[in-house]
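Read through the structures below before going on.
Shared between the two complexes below is chain A, which pairs with chain B and chain C, respectively.
Right after this comes the complex of A and B.
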């Protein structure tokens, strides 16, 4: 069990400042996902918690204890790396056992724990194999077992699923969520994949250029984006953002837009559009639509809701509660209002 | 057997395959023949070894060659002991010096790292012959000439070995070392349990080069020593050429087998290890 607190933390590599003055609290027992595009500083934060890339300024506290300059082996943590970092010359058993041996855990206790965690990750039949004989998914499981067997109070994971194929990734995602619920340990998970972040996190920490853009539950981040960056990072395709006057912009998610040959009542946004492409994605349809002013929008719709043909001329509409307004600096002002802005959106009122 | 031969001649393009196999066999014979000649000559009698035309296979097998080598008045065992001592010491010293150096160059940051590594590479480029006189003078200052030491100490670090090991260490992802640190491993454990096993092929290769180089060294011991009691086996073989009038080929070849067979044994053993080492593919 552990809570991690960053206080005014900074990190520079040479003269390049990657992170400056960052404050963040990672809650005890929660699944926290640090998400952002590559180079945003998320892995740097994780390495600071691990103690393998110390902060250049500020403090990091774990359960109130300053661990900023504590060496990694003194911290009660375990980490799973993107490339798994399995020891290739050791057998699966030796890989899992290595950390325990170094910590001088007695033999019987080691054997008991290895058996227990090998079972949890389903690697019991492979304990005496060499990692080179195993598949990517199996190596991933070794890395997980190796981390779990130490019973750490914090689990760190650096894009652990990104080397797996799509199917396995989806399966492992569910397993990791289950695992976290079962262990009740603090998980800190780094990814660039917003779907992973949304599906696994209790709390998402969205980062860009070394700064935290938003902290919140997946629901909060999706429904109440703090700014345009946040609005456009989460969601596929990203939120459509259109200009209003005076630098003010408004956004609408592709899945909130309605399209039809007929004008529907009770909407706040009305525009005329021309369907450029129509993609059939299974349960959903995805369209690219050009508005009469030349701007393009992405629209996503369930099959049985709005199905329009390619090259059709349609009404593009959205209700007020799905419109998000942003000020000139990109900060979220509100959604579904204020009234004066909502009026400006209106577009064509026939 | 017959089936295998039949199969050989029905495979598509067997003509080319046959040609290529014949060339391979001829090449193999060309390489093996000198060794074969050495071995059989060592077991021939003196007269047979001098016979014209030479016999490809000894008519009479005899240990006369070996006997006369050991009875030549040279203390063969002492020469052999020196060779073993020198070779073992050189390899041990090289590992003790080169492994940490290569590790530091590959994985650690320290001031002027580039410059230091440059110096190592320069040492790699300087012809060995240029170093004879300065090293000799230094050994003389230290009063070590005419002992085993000048045959060991100057070989203690080999620039090529450091370079090769460094490359090998560099290929190990940093995450593996970080992971080991998170697994509470100290530097020594990281080195012995993780880094060295992963670099086994490079280590074996370097040790083998050193072994062959030191075992076969002739000129360096010749320059650095005057006294037979501290000279290696290579010098004894040379000595056999001028113990008596004319060369006793069987005796000389017997001495040569003594010199070469350990290398062959080590090579056969090591080549297996090297293949094992290379068979380990980098892991994602």
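Right after this comes the complex of A and C.
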């Protein structure tokens, strides 16, 4: 159990400042996901918590205790690396046991814990195998068991699923969520994958260029994006953003747009559009639509809702509550309003 | 499927022609290597074995056939063998340990390390004979001997490096270590560099001390290269010749008379003993084969391959 607090933390590599003046609180017992594109500083933050890439300025507190300069082995943490960092010369058992041996945990206790956690990750039959005989998914499980067996207060995970195939990744995602619920431990999880972030997190910390763009639950990030970056990072395809006058922009998610040959009532956005492409994705259809002013929009719709043909000329519409407004600096003003902006969106009134 | 089974005779002929051609080309490519192997390894080995069965000298090796008489070795063979073992043991330990230590020290990329790598590697480029001469001057007991001059300046007493039977062998080992450590160090270092940093970070998170990390992670992970070193240093040291010939000539007494010196002496410095030299050469070869087979049979089990 632990809460982690970053206070005015900075990190530079040589003269390159990666992170500057960052404040962040990671809540105790929560599944926190640090998400952002590569180079945004998320892994740097994680390594600071681990103590393997110390902060160059500011303080990091764990349960109120300053750990900024504490060596990693003194911190009550465990980490799972992207490439698992399994010790290739040791058997599965030795891999799991290594940290415990170093902590001078007695033999019976070690054996008991190894048996327990090997069972949890389903690696009991493989304990005496060498990692080179095992698949990627199994190595991943060793890395997990090796982390869990230390019973840390904080679990750090650096893109642990990115080397797995799509099917296994989806399965492991669910397992990790279950695991976190069962252990009740603070999880800090780094990923560049918005789907992982959305599906696993209690709290998402969205980062870009060393700065936090937004902190919130998946629902908040999706429904109340703090800025255009946030709005466009989450969601596939990203939110469509169009200009209004005076630098103000408005956005609408592809899945909130309705399309039809007939003009529907009760919408706030009305545009004429021409369907350029139509992709059948199974349960959904995805369209690229060119508006009369030349701008293109992405549209997503369940295929029993608005199914239009390629090259069709259609009405492109969206209700007021799904329109997000952003000021000239890209900050979110609100959605579904204010009234004066909503009026400007309106479009073709016929 | 049917296309293959219903091949016409013409097609079969064509396929056979292609097969024969690629067979010819592949043998033509390894032909030079085979010719060299036969001319410079297999033929000399066989003729050495035949000579070892004769009484004779370098001018006339086949004076009298005498079966395996030359193989009933003389007492001085055992001296030479013991000296060789002593040399090999010392060289193996010293070169291995120093290569690992220097590699561990230099593998981090720092400016100093680039310089250090060059400094360590350069001796490897010096010809063995030249290196032997340089070091026999450095170790000389004459007033120009640099080592003793420095020792004396520091208030230490002189060491009779190559002139004392108790230090001569070690002095030669020292010279050859200086000469080869940079090369082996480079091999170890590149192996160390290939270990992912995450593994070290993981070990730190697991609370492993640097000593423990070194023995439990670094050493096992570079074991293939260590095994390579074991084989090359052992076989190389077994054949040591030029440095001994230049620096001590086998002396003082018989203190540094190693097997290859023994063979050289009997082959070219004495009369009518070529058969002995050849017999010793065959025995030396068999011992090297035995050691290598042992290494591959037992030691290699401890080696971790990725």
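Note that in this section the second predicted complex is superposed on the first by the 350 of 350 C-alpha atoms of A that agree within 3 Å, B and C clash if a C-alpha of one lies under 4 Å from a C-alpha of the other, contacts with A are read in each partner's own complex, and residues count from 1 in each chain.
Definition applied: a residue touches a chain if its C-beta (ideal position, glycine included) is under 8 Å from a C-beta of that chain, and two chains touch if they have at least 3 such contacts.
As the structure is a computational prediction, the values presented were derived from the model and not from experiment.
K.L.:
With chain A superposed, do chain B and chain C clash or fit?
P.N.:
clash
K.L.:
Is A:73 contacted by the first partner chain B, the second partner chain C, both or neither?
P.N.:
both
K.L.:
When the two structures are overlaid on chain A, which partner does A:85 contact: first (chain B), second (chain C), both, or neither?
P.N.:
In the superposition, A:85 touches chain B and chain C alike.
K.L.:
Using the superposition on chain A described above, determine whether A:163 touches chain B (first), chain C (second), both, or neither.
P.N.:
first
K.L.:
Report for A:270: first if it touches chain B alone, second if chain C alone, otherwise both or neither.
P.N.:
Neither partner.
K.L.:
Could you pull out which residues of chain A sit against chain B in one structure and against chain C in the other?
P.N.:
Residues 50, 52, 71-73, 77-79, 81-83, 85-90, 98-99, 102-103, 132, 146, 150, which sit in both footprints.
K.L.:
Mind pulling up the chain B residues that touch chain A in the complex?
P.N.:
Within the complex, chain B contacts chain A at residues 173, 175-176, 178-186, 189, 193-194, 197-198, 200, 280-281, 283-284.
K.L.:
How about chain A: which of its residues touch chain B in the complex?
P.N.:
Its residues touching chain B are 50, 52, 71-73, 77-79, 81-90, 98-99, 102-103, 131-132, 136, 139, 146, 150, 163.
K.L.:
Please name which positions on chain A make contact with chain C in the complex.
P.N.:
50-52, 71-73, 77-79, 81-83, 85-90, 98-99, 102-103, 132, 146, 150
K.L.:
For a test of understanding, state which residues of chain C touch chain A in their complex under the given definition.
P.N.:
196, 198-199, 201-209, 212, 216-217, 220-221, 223, 304, 306
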